[in-house]
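In order of appearance the chains are A, B, C, D and E, and numbering begins at 1 in each one.
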Amino acid sequence: MEKILGKTKIDDWVAALSDHPQEVGRGCKAAEAATTTHWQVSAPVLEDGIWSYQSGSGSVQLEHSNTTQPPKGFSFPQREVFFSFEQIKGEPPKLTQKLPQATRHAVFGVRPCDGCGAVRMDKVFSDHVADTYYTARRSNVAYVGLACNQPQGINCFCLSVGGSPVSSDGMDVLMTDLGDRYFVAAVTDTGKALMAAGNSVFSEPTAADRKQLQQTHAEAIAQPQRAINNLDAAPAKLKASFDSPLWEELARACIGCGVCTFLCPTCHCFDINDENTSATPIKGNRVRTWDNCQFPDFTMHTSGHNPRESLGSRLRQRVSHKFQYFHENFGMPQCTGCGRCITECSVGIDIVNVVNKVAEHAG
Amino acid sequence: MSHSQAEVTQAEASGEFEPRIVAFLCKWCSSAGSDLAGVSRMQYPSNATPITVPCSGSVSPMYILSAFKKGADGVLVSGCHIGDCHYIEGNFLARRKIHLVKELLGFVGIEPDRFRMSWVSAAEGAKYSNVIKDFVEDLKPLGPQNKMKADRS
Amino acid sequence: MINIQDMRDTARGLLTKKEVRAVIGYRRSTNGMLAEPVVITDPAQADELIWDPTCFHNLSLYLVEDRKFLTHVRKTADAPIAIVAKGCDARSIVVLMQEHYFERKDVYIIGMSCEGSGVLDERKLAAKGIRATDAAFDGDDFVFATAQGEQRIAAREVMADRCLECREPFPKEHNAVLGENKTGRELNAPFTALHRFEELDAGARWKFWEHQFERCIRCFACRSVCPMCYCEECVVDSISFPVTGQTSAEEKANRVRWIERSATRPENMTYHMTRVLHLAGRCIDCNECERVCPVNIPLRLLNNKMEREAREEFGYEPGASIGGPSLTASFLDTDPGKFIR
Amino acid sequence: MPDNIYLPELARIAHIKEEISGERAIKTYRVEPVNGGGFEHNCGQCAMLSIFGRGEMMISIASSPLITEYKQFSVMRVGRVSAAFHELDVGDVIGIRGPYGNSFPVDDWRGKNLVFIGGGVGLAPIWPVITTAVAQRADFKNISVFYGARSPRDLMYKAELERLRGDADIQLSVDKAEEGWKEFCGFVPANVLDKKPSPNNTIAITCGPPIMIKFVIQNLQQLGFADEQIYTTIENKMKCGLGKCGRCNVGKDYVCTKGPVYSWAQLKQLPEEY
Amino acid sequence: MTKKRTGVFVCHCGNNIAATVDVTKVKDAMANEEGVVFSQDYVYMCSDPGQNSVIDAIKDNNLDNVVISCCSPNLHEKTFRDNAKMAGLNSFTCEIANIREQCAWVHKDKDEATAKAIKISRSAVRRAGRDQALEPIAVPVTRKALVIGGGIAGIQAALDIANAGVEVILVEKLATIGGHMLQLSETFPTLDCSQCILSPKMVEVSRHPKIKLMTYSEVQEVSGSVGNFKVKILKKPTYVDPELCKICDDCASVCPVVVPNEHDLGLTARRAIHIPFAQAIPASYTLDESACLGLNPVRCGKCKDACDVGAINYDMQPQTITEEVGAIVVATGFDLYAQEHMNEMGGGKVEDVLDGLQFERLCSASGATKGHVLRPSDRTVPKEVVFIQCVGSRDPAQHCAYCSKICCMYTAKHARLYKHHVPDGRAYVFYIDIRSGGKGYEEFVQRAMEDDGTIYLRGRVSKLYRKNGKVRVLGTDTLTGQNVEIDADMVVLALAMEPSKGTGEIAKTLKIGRDKDGFLAESHPKLKPVESVTAGIFLAGCAQAPKDIPETVAQAGAAASKVIGLLSQPTLSHAPTVARVRNSHCSGCEMCVTACPYNAIHLEHGKAVVNEVLCEGCGSCSATCLRAAIEVKNATALQIHEMIEACLA
């Protein structure tokens, strides 16, 4: 399904989505309960000096540079309660599952790198066994993407990692800015349903529209970006460089803050902890929270032994995970080239530079 | 569970908001002062649960923050009068530290009346009972403290 | 005006003569125009060093890292380590020495005077819509290279707030110093933002902080970047903790959990309140914490609040003397006590 | 796999035995499902054990898959959850989810000699293999067990080992001699070198502290064992056990799904991140 | 969450607790707490059967720690800790939940009090669950005592201690010992001569081989703790060598300076160089530097010239002497509340209005008038004398809230002494009521009324002023309801007693508390009346509260026996609840070192190290350390954390 949406009409579409309960979802059980819920529309808003996804304003303006935080939190929130427990003295514990409340989110303005991020997250959370909580949320999230006519910042490099500024990977709908209007293309069935809900606000694309679309995409792809020199060789080069002293050198300035990973659209590491609310009877929740391979205790054994003790080994983990391990497991790099980890790193650790340097060094 | 019943009735019976106060009392003056209030049978509201610590100087700001985080509606730190500290100068150190805590709490917008420090000597049973009475009175209009209280649902 | 070459020469000289074992300084990053911290050990690398308005990092953090590393490998240093330090950075080195983190002889401070200006606030520049590829000092101006050519902007328009309020843009504690001493120049009154904020009533203040505390994602970048947050184990969180051969099962099992890992408002708030209380009298307003916060939490307001209390109520200036007692480990008979009933 | 991969089942502590006391105490627990649930496992697999309010930890299942009524775990008291475990009483209810990880290819080893080399609490992960092999004694040729600890007091499963003596060759050792100790004195790898098990048609299975494993492998190689004949397990910090939480990886492998059992031939291929 | 085995014992305290706290409910609630395996209530936990039940329950239930919910730990913590010990537990694993003073006695609503008692008990359970077994720390003892104040209290304490063979340093700030008793003429209830009974004791002090007497001296600094105090004593220069002084008075007779004599409360005068009174101990003159024209032959130098034996030395310097002692008795006595405070009584400005001590001096054979009662203004025999009681006492609104206890008695004494001196005179006593508890006291007062014909008027004096050479006293007789107006020749005010000047400073120096009236605070009003709040420091005499001589002497003896008992032990046990450093966390920042009031911490190899003998366990270090690297045992952050939780659950 491909349509044209006048820029002024975007709010009408949003209103239609918010008003019309839709039966969609990817066959998840929660979807049944969700039949009467409306779409909650989120879109980037500039507040406190940063772009972040926010919902409920009713008005969507897609003039953002990419958000500081990727949209991964919609399906993988920073905090997820698995279940609550209660144990009265002398009795067995009682567990109560806390499955996510099915709110359906239509996330507008998702950039192609983050769409690709969703693809990678889906892989992780469905590989081996499906993650109960991720699946439940993911089936209720739809991404309405926006192609990048221009790179979002000086650190974009999606082209280098097999993506494209106009990629529809991971999107349900992809919109392209054609000046006064958007070219809107459904990518999935959910996308079609989303567009169907807005039915009357769209118009049919003309041949000229299509031509402009093609031209816009072509121009977008032609925009210069930062470059990873040889992506295909990266896994092997990284593998060969595992013991390289270069890692420590490259990580010398790293402060181990983990901003790079918390903001990464594909970082998925987490911790599980019991948060107690009462000591007698013992009550609390088992909670999943984001964790971070750049934190020093991430892999520390109880004995104090730490397989990744140094900053270098942790930088190596992050970069190798993105460019080698993930590739070995899923046949694609995990990094989607959004450039956040470069832009937000307070000390200038630059993944593009790191991969290139390591590759260069490996010869 | 019988043990929580009593706590429930307290709030329910009056129907009024009953603030929950954690009172850190130094062992030598304020705890002794509250003992004296007891010996003198001075009546005061039961909202404050005392925790006896060696000295007001041993009250780490963490204790205060933690009490609020665990849902205290008010926190009291009480020690010996300046110059009377059993440990010579523990309360001087406390005064400085607690000043900072108090300022900070107010700064972020927590009602200043939720946190209190007092000097109550071993001889000031009446003062202790008044401190608690006043504190409870001041807290009542504020209602429950939810700003810092951990919500772990 | 500081001549970059002087700094490079100083560094080179120190390394050549083996007076220091390394120099911590700035070099150009691969991320646009920004500077990045670098540790050089080879005199030949001295030419990589730069000095420009993007040298905002407080490098004393790397003195801490260095000291941690040495402890970890159980080595003692054979020579001091040199560090490029602005006025604020030098104050943080003083605090570290005051807390015996290392001794004066362990560091060689190459002081850099901020002279008439200070460093850039990237966010202010971005707000002006300027995308620069290079930045340089020039008197009271910053000069940026952009795609549209050279852009000259009065430094005070894009300077970091803390620099605008800095009373000591000259590193008092130093071994060598570059640039003129222009101590005492204040472009703005100190605590400008703080004063403005304090005019709000408690309700408005709470609304503001409630929003901010809700936004924190607890990446702890603010803590990681702070040279004063050098604790082996942070009391409010166990993201890092010192498990050693002697750490008993008891100790591991009984670690107090003041906060949970969940980035919810009360947990975040407890973290931030603790952080700022722990930095009272120690924070020297390098504002690195606020700079690195990916979601722009205004941490400087909190820090400044404590700083002003320390200054006005206790007559205490953080980073003023290596020998003096720490703020919260000392007291005066005249400390305020009116708030006590 | 259950619907909710993170939701433990309830299990009751049926029996507790104190193996070793002191600072690094070890206790062995027999755990029975509470509601008739439970799961089957293979030798070498692990399970996530919960104490609600304290957290979860990954522990090897130390009982043979042939035993279906209960599962056995030996837990060393080292930290938050394990310390809480040591305070449990019989009848207390815990949480359990699993089984996780791969397993020893015991079926491939039928008709072969088995040499087990364990140190300290490292006997637990290989104990199911030992007991299974002994239970199916006829399927295997020589079975020998090298086991050592710091002192006689630090040896676990002492009585059980004695009972195996007829079926298996039991070689015990302690690091430091003590009065009355009649067996080998010295480190486990040295004991192996001393007794010289033959590599012919033999599989060596080792588990213990990393440093011990390192020397055991060196010594086995010296005795002529090929990389494919040596098996071990590795332990990395785990939170989910399901290949998602992202911390137990060794290179591309998440130990919780691809491990913990590796032949030395496989392990050599992986970067040293354990 | 601990799986230690805790036992809880909830006391009814007869009805003291049970009347307001539902004890059974508390017991049941505690039984539900994690870790509690035994919970019981009993009518009197501190009774023999109560204590036995604790011991038995510990043994029978294999308890690891116990919580007694009862009265203040000040009362029975020791009792129950001893019980725990008897049952084989470590005494430090026993905690007291104070549900009486801090709960039952201060609340009326049973539900509320019960809920609070539960919280208090629960938090004690949490604390106990994490208590470490601790053994007291043995500290060697310095067998020497310090007595501060040389009044009858100090003299008696010093003699008692010294007679037990323990060395004593007696420090007196004035030039002679003796205190106020030296100023009294005859003493109630027997009317024997004060100096006659005091002087022999003073001489004994000066001759006692075990007593080192330091007059004209003050304690400046005290550090250390029980068993091992270090004191710095400042000895002010008297400019006269007591060894050489012959008390010939040659110096004083040439001294040109005349100042009021404080010993006679200004009723007489003395010279700048003087002896406070003839039988002063030490028997030596003292040069009052503040009155002297200048310690310089150029300015005066007359006395030095006059002294044949060369006892006068203008170059004498103040000396600071450091002594180590194991125990201290504080006997710094009282002062009279100043007349200036009493505006309604003329504020000290009306002539012939005297305070009690001045009257003592008037009656004293060694006093201003050589024992003749003459009024100061015109040296005539007063025929009408009004004695006013409770001046400044029992007046919480304006003056002292407390009763000075002895004024009734000494006023009766004064009236009688007056009548003995001036049999035809008339003595009136204004009183609020008569407090004459004490052996033979009531009879003494009766005699004043009946035998000596003193006119007792019940009522207050509202005003007095000078009129026609007399003092007009306006008052009311509340028994008749009539206003009374007396034109008296002399008025004697029974002024309140207050702690002697400098008591505040000495309390600070010694780190001991004071009560609301400024008297030194005893550790417990009933059970530890001579102990101060600081271990090893004891109280005697009027420094603790107004009292008469027999009581003072008794208390001095009691303090002495405490000191002797303390110092007879080879070692003292120091509370083991001291700070402990977690090396892994300590960064060596020295903040704790600066904060510790006892200088108990130093750094070794970059880590803090606590001197356990000096550490008092105040926790200042732990609250100051940013890294939780130092904690006080059994008052750890984890314990407080869990207690907070318990209070809010």
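Convention: contacts are C-beta pairs under 8 Å (C-beta built on N, C-alpha and C of every residue); 3 or more make two chains touch, one makes a residue touch a chain.
Worth saying up front: this structure is predicted, and the values here are computed from it rather than measured.
K.L.:
Among the remaining chains, which ones contact both subunit A and subunit C?
P.N.:
B, D, E
K.L.:
If you tally the C-beta contacts, which comes out ahead, A-B or A-D?
P.N.:
Output for the comparison: A-D.
K.L.:
Relative to subunit A, which chain has the most distant C-alpha mean position?
P.N.:
The most remote chain is E.
K.L.:
Work out the mean Cα position per chain and let me know which chain is farthest from subunit B.
P.N.:
Of all chains, D has its centre farthest from that of subunit B.
K.L.:
Find me the chain with the mean Cα position closest to the mean of all the protein Cα atoms on display.
P.N.:
Ranked by how close its C-alpha centre lies to the overall one, first comes B.
K.L.:
Just give me the whole-number Å value for how far the CA centre of subunit B lies from that of subunit C.
P.N.:
36
K.L.:
Please report how many Å separate the Cα centroid of subunit D from that of subunit E, as a whole number.
P.N.:
70
K.L.:
When the C-alpha atoms of subunit C and subunit E are each averaged to a single point, how far apart are the two points in Å?
P.N.:
53
K.L.:
Can you tell me which residues of subunit B touch two or more of the remaining chains?
P.N.:
Residues 1, 3, 61-62, 66, 89, 93, 97, 150, 152 of subunit B touch two or more partner chains.
K.L.:
Where in subunit C do residues touch two or more of the other chains?
P.N.:
Residues 235, 243-244, 247, 252, 258, 260, 262, 264, 328-330 of subunit C each touch two or more of the other chains.
K.L.:
Residues touching two or more other chains, restricted to subunit A: which are they?
P.N.:
88, 271, 273, 275-276, 280-282, 284, 300, 302-303
K.L.:
Give the list of subunit E residues in touch with subunit A in this complex.
P.N.:
Within the complex, subunit E touches subunit A at residues 1, 32-34, 122, 126, 642, 645-646, 649.
K.L.:
Please output the residues of subunit B touching subunit C within their complex, sorted ascending.
P.N.:
Listed in rising order, the residues of subunit B that touch subunit C are 61-62, 65-66, 69, 82, 89, 92-93, 95-112, 116-119, 131, 134, 147-152.
K.L.:
Can you list the subunit C residues touching subunit D in their complex?
P.N.:
Its residues touching subunit D are 248-250, 252-253, 255.
K.L.:
Using the touch definition from the top, list the residues of subunit B that touch subunit E in their complex.
P.N.:
Listed in rising order, the residues are 1-3, 6-7, 9-10, 13, 20, 22, 28-29, 31-32, 34-39, 41-46, 49-55, 57-63, 66-67, 70-72, 80, 83-90, 93-94, 97, 121-124, 129.
K.L.:
Inside the complex, what are the residues of subunit A that reach subunit B?
P.N.:
Going through subunit A, the ones touching subunit B are 81, 88, 275-277, 280-281, 284-285.
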